[in-house]
Amino acid sequence: MKKFVNKPEDFVPEFMQGILAANPDLLEGNLEFQMVKRKDRPVDNKVSIVQGSGSGHEPAHVMAVGPGMLDGACQGPVFAAPPVDACYETIKALATPAGVLVLVNNYQGDRMAWDTAVELAQAEDIKVDQFLINDDVAVKDSLYTVGRRGVAGNFFVMKACGAAAEEGKSLDEVKAVAEKVNNNVRTMGVALTSCIPPAKGSPIFDIGDDEMEVGVGIHGEPGRERAKITSADEITKTLFDAVADDLPFENGDRVALMVNGLGGTPPAELYVLYNKAAQLCEERGLTVVRNYVGEYCTSLEMAGASITLLKLDGELETYLDAPAETAARIF
Amino acid sequence: MKKFVNKPEDFVPEFMQGILAANPDLLEGNLEFQMVKRKDRPVDNKVSIVQGSGSGHEPAHVMAVGPGMLDGACQGPVFAAPPVDACYETIKALATPAGVLVLVNNYQGDRMAWDTAVELAQAEDIKVDQFLINDDVAVKDSLYTVGRRGVAGNFFVMKACGAAAEEGKSLDEVKAVAEKVNNNVRTMGVALTSCIPPAKGSPIFDIGDDEMEVGVGIHGEPGRERAKITSADEITKTLFDAVADDLPFENGDRVALMVNGLGGTPPAELYVLYNKAAQLCEERGLTVVRNYVGEYCTSLEMAGASITLLKLDGELETYLDAPAETAARIF
Amino acid sequence: MATISLSTIEQGIDTTADTVIRNESYFSDLDGLAGDGDFGTSLATGFKVIKKDLPDLDKSDIGTMLLKISMIVSKHVGGSSGPIWGTGFMKAAMPTKGKSELTLQEFADAIGNAVDGIMARGGAKLGDKTLLDAVIPVAEKLKDHAEKGTEDLAEVLKDCATIADGAVETTRSLVAHRGRASQVGERSANTPDPGIVAIATILADWCKANSVEYTPAAPEVAKASA
Amino acid sequence: MATISLSTIEQGIDTTADTVIRNESYFSDLDGLAGDGDFGTSLATGFKVIKKDLPDLDKSDIGTMLLKISMIVSKHVGGSSGPIWGTGFMKAAMPTKGKSELTLQEFADAIGNAVDGIMARGGAKLGDKTLLDAVIPVAEKLKDHAEKGTEDLAEVLKDCATIADGAVETTRSLVAHRGRASQVGERSANTPDPGIVAIATILADWCKANSVEYTPAAPEVAKASA
């Protein structure tokens, strides 16, 4: 297992302690519940935005806490929803008269944990609502399944809701923002390699030297197909078309374009993909107003990437422009 | 080769085009010479800071161009210094009456290319000087070799010089800043896996499943020793002690602490290392004033990390605090 | 009349913990086939705490003990398994509060209550290829025996183990409709559901612990059973 | 007196291009042993352009042709090899400007000038385990032959190939003092220097191209030579 890890069971608490140690002014944590929150939140007249999901997706979730983004987040074990108590304590820690909005990525584990936690909190008269994010186009939506997965598009939901909450919008208004973003954001990813959850100690799936998993989930879930690796341009086109056809995005749309690295893919390769994706936007008549190239939602050390498109309007552009700060930073 | 790549020979120009496409307001490029520069530079009364090195280290070099950082950069093929002409054209493109400072990482290829380019530019009466960065403690310095390598500490030299130049400092003054940073910065890295240069198509070195290369260079150069992989804490201590003993850093010092990912290591693991490194700082009585956890100088998709310490004083702290913006960004 | 004592249930839980802890990586591997490979670890994390805390848990009555176990699960078990098993224990705790032994009918009612709770929490029903495909028929078989007035608990246990074991086979070819595995569509067909394997293994191990002879039929259960 | 024509030099450069292009990955592999594995690619990148442009290059005289080649190298070759080979060609171009054929003495002088330029550029000297360990003795041998007035160029070429080939062995056990390999300390001992191998291979291939019988001794040169 080629990883920096001490005892596998300490991996998640230790990296969270690292995040807290690196951001003493911004963040405070509660190790018992694997929770991270803004030091200066909650405040009475602002809606708190929270999230909690399995870990292994950093900087998603606990590293996305900060002004203009999440007010708090908790994390479960690698790739597993947080325990119910963690969700409940997170809601409680960020409770305000303005309310708490929980942004739930659409996985059954997360949903059940947050459903339970929200019920518990509401029973204690905490004002709290939740919203489901499901931007992954890889897998068909269906009434007979849990439905589409929430993946890197989550970033845009957090960003827009964070900005709307900072503006002082009400719980219902912020939830409407979440809905607008989610309705307009689509993602698909591809994996070139598997990843190794520290507790498992072995790859989460087998994949041949010349194979890729198209439409992979961020927990290594199978996607649309197992295919031979092709050129970067062809891969980009496959992902991009799946994403752009889904909404669909149309000539004249203003968009945000994200190329997200899954953890093991270095910046240079992501820009090779971005280069092609930007061309494909142009071919479809989509104007890229903002772009995001880097790691936003990883799958441990998986080599791979996802492409996300968000259709913008004036309101959403304002939210993306708004200042924000998280534990993921450069300077 | 599990990489996003079209034709291997197009890898470097294509990712550079991606960087340019993603930053149309900030940057302009010259593909013939693999050069990237700030759109709004040079200006007459400011020293221009430039750099050029092999590619494959992103966001180092061409992605480090922007306000408060580099004014321009050129890149060579993966892991090879840029051709002489590229260096010369970069100096010329950023030439100003205030002068150009070239920050050269101490590799013979870079040195020779820049020496030649600087001579050519000076022959044309361009005001230009250069400074050598050599922060890697892995390999003993010696009169009989090219000397210590320049690695992730380069970030701090660029940041401080960028800030000093923005302040309007003279060429000599900015060079003195570079010297101060370089005298006070030390780095050592470790690799868990090799990387695959696209043109080579195979790993740059062989390494066993349970092995790591301690003191690895960012081009896969061998380091201090090939050892069995140990726990994250032990690895951190090995790197940290090598770095901290070298200057040496002493009780009471104020420092910047960087945990740099080599490309294939995801954020969560870097924070496991940071967690321990921060503890080790505390044990030595070092106050971490600023910290940096992420990818600053990669080695393609190599799994691994380096630890950098920079001893601060009031002046350097001001430079690190100064605003900066590059193609590597989050929001 | 056949009754089930607190200590029998306590012993059953202890046996369950052993089963789950021993199979941590195997259950995760099974989950990796169509899911995300965390089932074994998630469950084991909770049952390690349960195993450790069980001797000193508040055992005033069966319901209290089960509620405490539910609380451990809520605090320590992540993934879908946390809410599913936590809800299961919590709902089983409700009708058993204040009781230090249960008739077979009361036991069947508690399991039935747990099943209802899990269905309400996760929205799964029979045939969705979740552990409910093992637990629902087991709950019904318990009700049958209770209504028939079966005295031989060994017979009851063996019947339950057989039913759960059989569910591994009967659901194997299905496409999952709930859980992470449901998000991979057709690709979940022809893999066993790890939750069903876990329930069947637990029951097989209960047989062993109570000297009830039972030989698992599903290869996964045979492999996982002590 | 033995003279070397522009077209002989042109053909030598063409042969060199073939050698370098064919060994792109082998030379890189050798560089990977103690260096950074880019030597073959760096050099081949430039020689691909040279190979393509050579027929149409300005060949007014030898110096002009060599200067154009130096410019191609400066534009296209990265790594240490860019300045080293670029300087070499540029310095060889200087004394050969205006000449369309060279005496052996003039040829020796041109190579000597290249050696001096490379030494000044990179600071390496004999024994630092760089290609100079092949080129310096070759330059000296050329001078000797020129002074002796050797007429048989085949003999001269074979001598040069032998010397360069021998340098692979004599330097193998040394620790590199220049280049990337110098930054790994003791670990560069017992690996052949790729630059020396390249020079020896080029000379061995020149022998072949000129029907001079020569069998390389160093296994790396034997492997790399056409």
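Each chain gets a letter, A, B, C and D, in the order it is written, and its residues are counted from 1.
Criterion: a residue touches a chain if its C-beta (ideal position, glycine included) is under 8 Å from a C-beta of that chain, and two chains touch if they have at least 3 such contacts.
Everything numeric in this text was worked out from a predicted model, so none of it was measured.
Of all chains in the assembly, none touches subunit A and also subunit B.
Fewest steps needed to get from subunit B to subunit C, stepping only to touching chains, is 2. Distance from the subunit A centre to the subunit D centre is 55 Å, each centre being the mean of its Cα atoms.
Subunit A and subunit C have CA centres that are 32 Å apart.
Subunit C and subunit D, compared by their mean Cα positions, are separated by 75 Å. In subunit A, there is no position where the chain touches two or more neighbouring chains simultaneously.
Across the assembly, subunit D contributes no residue that touches 2 or more other chains.
Under the stated contact rule, the graph of chain-to-chain touches is a line, running from one end chain to the other without closing. Touching chain pairs in this entry, ordered by label, are A-B, A-C, B-D. On the subunit A side of its complex with subunit C, the touching residues are 9, 54, 76-86, 107-109, 112-113, 115-116, 139-140, 144-149, 197, 199-201, 204-205, 217, 219-223. For subunit D in complex with subunit B, the touching residues are 25, 28, 32, 34-38, 41-42, 45, 73-84, 86-87, 121-122, 176-180, 182-185, 187. In the complex of the two chains, the subunit B residues touching subunit A come out as 2-6, 11-12, 14-19, 21-22, 55-56, 58-59, 63, 159, 192-193, 209, 229, 231-233, 235-236, 263-275, 278, 291-295, 298, 300-301, 303, 305, 320, 323-324, 326, 328-331.
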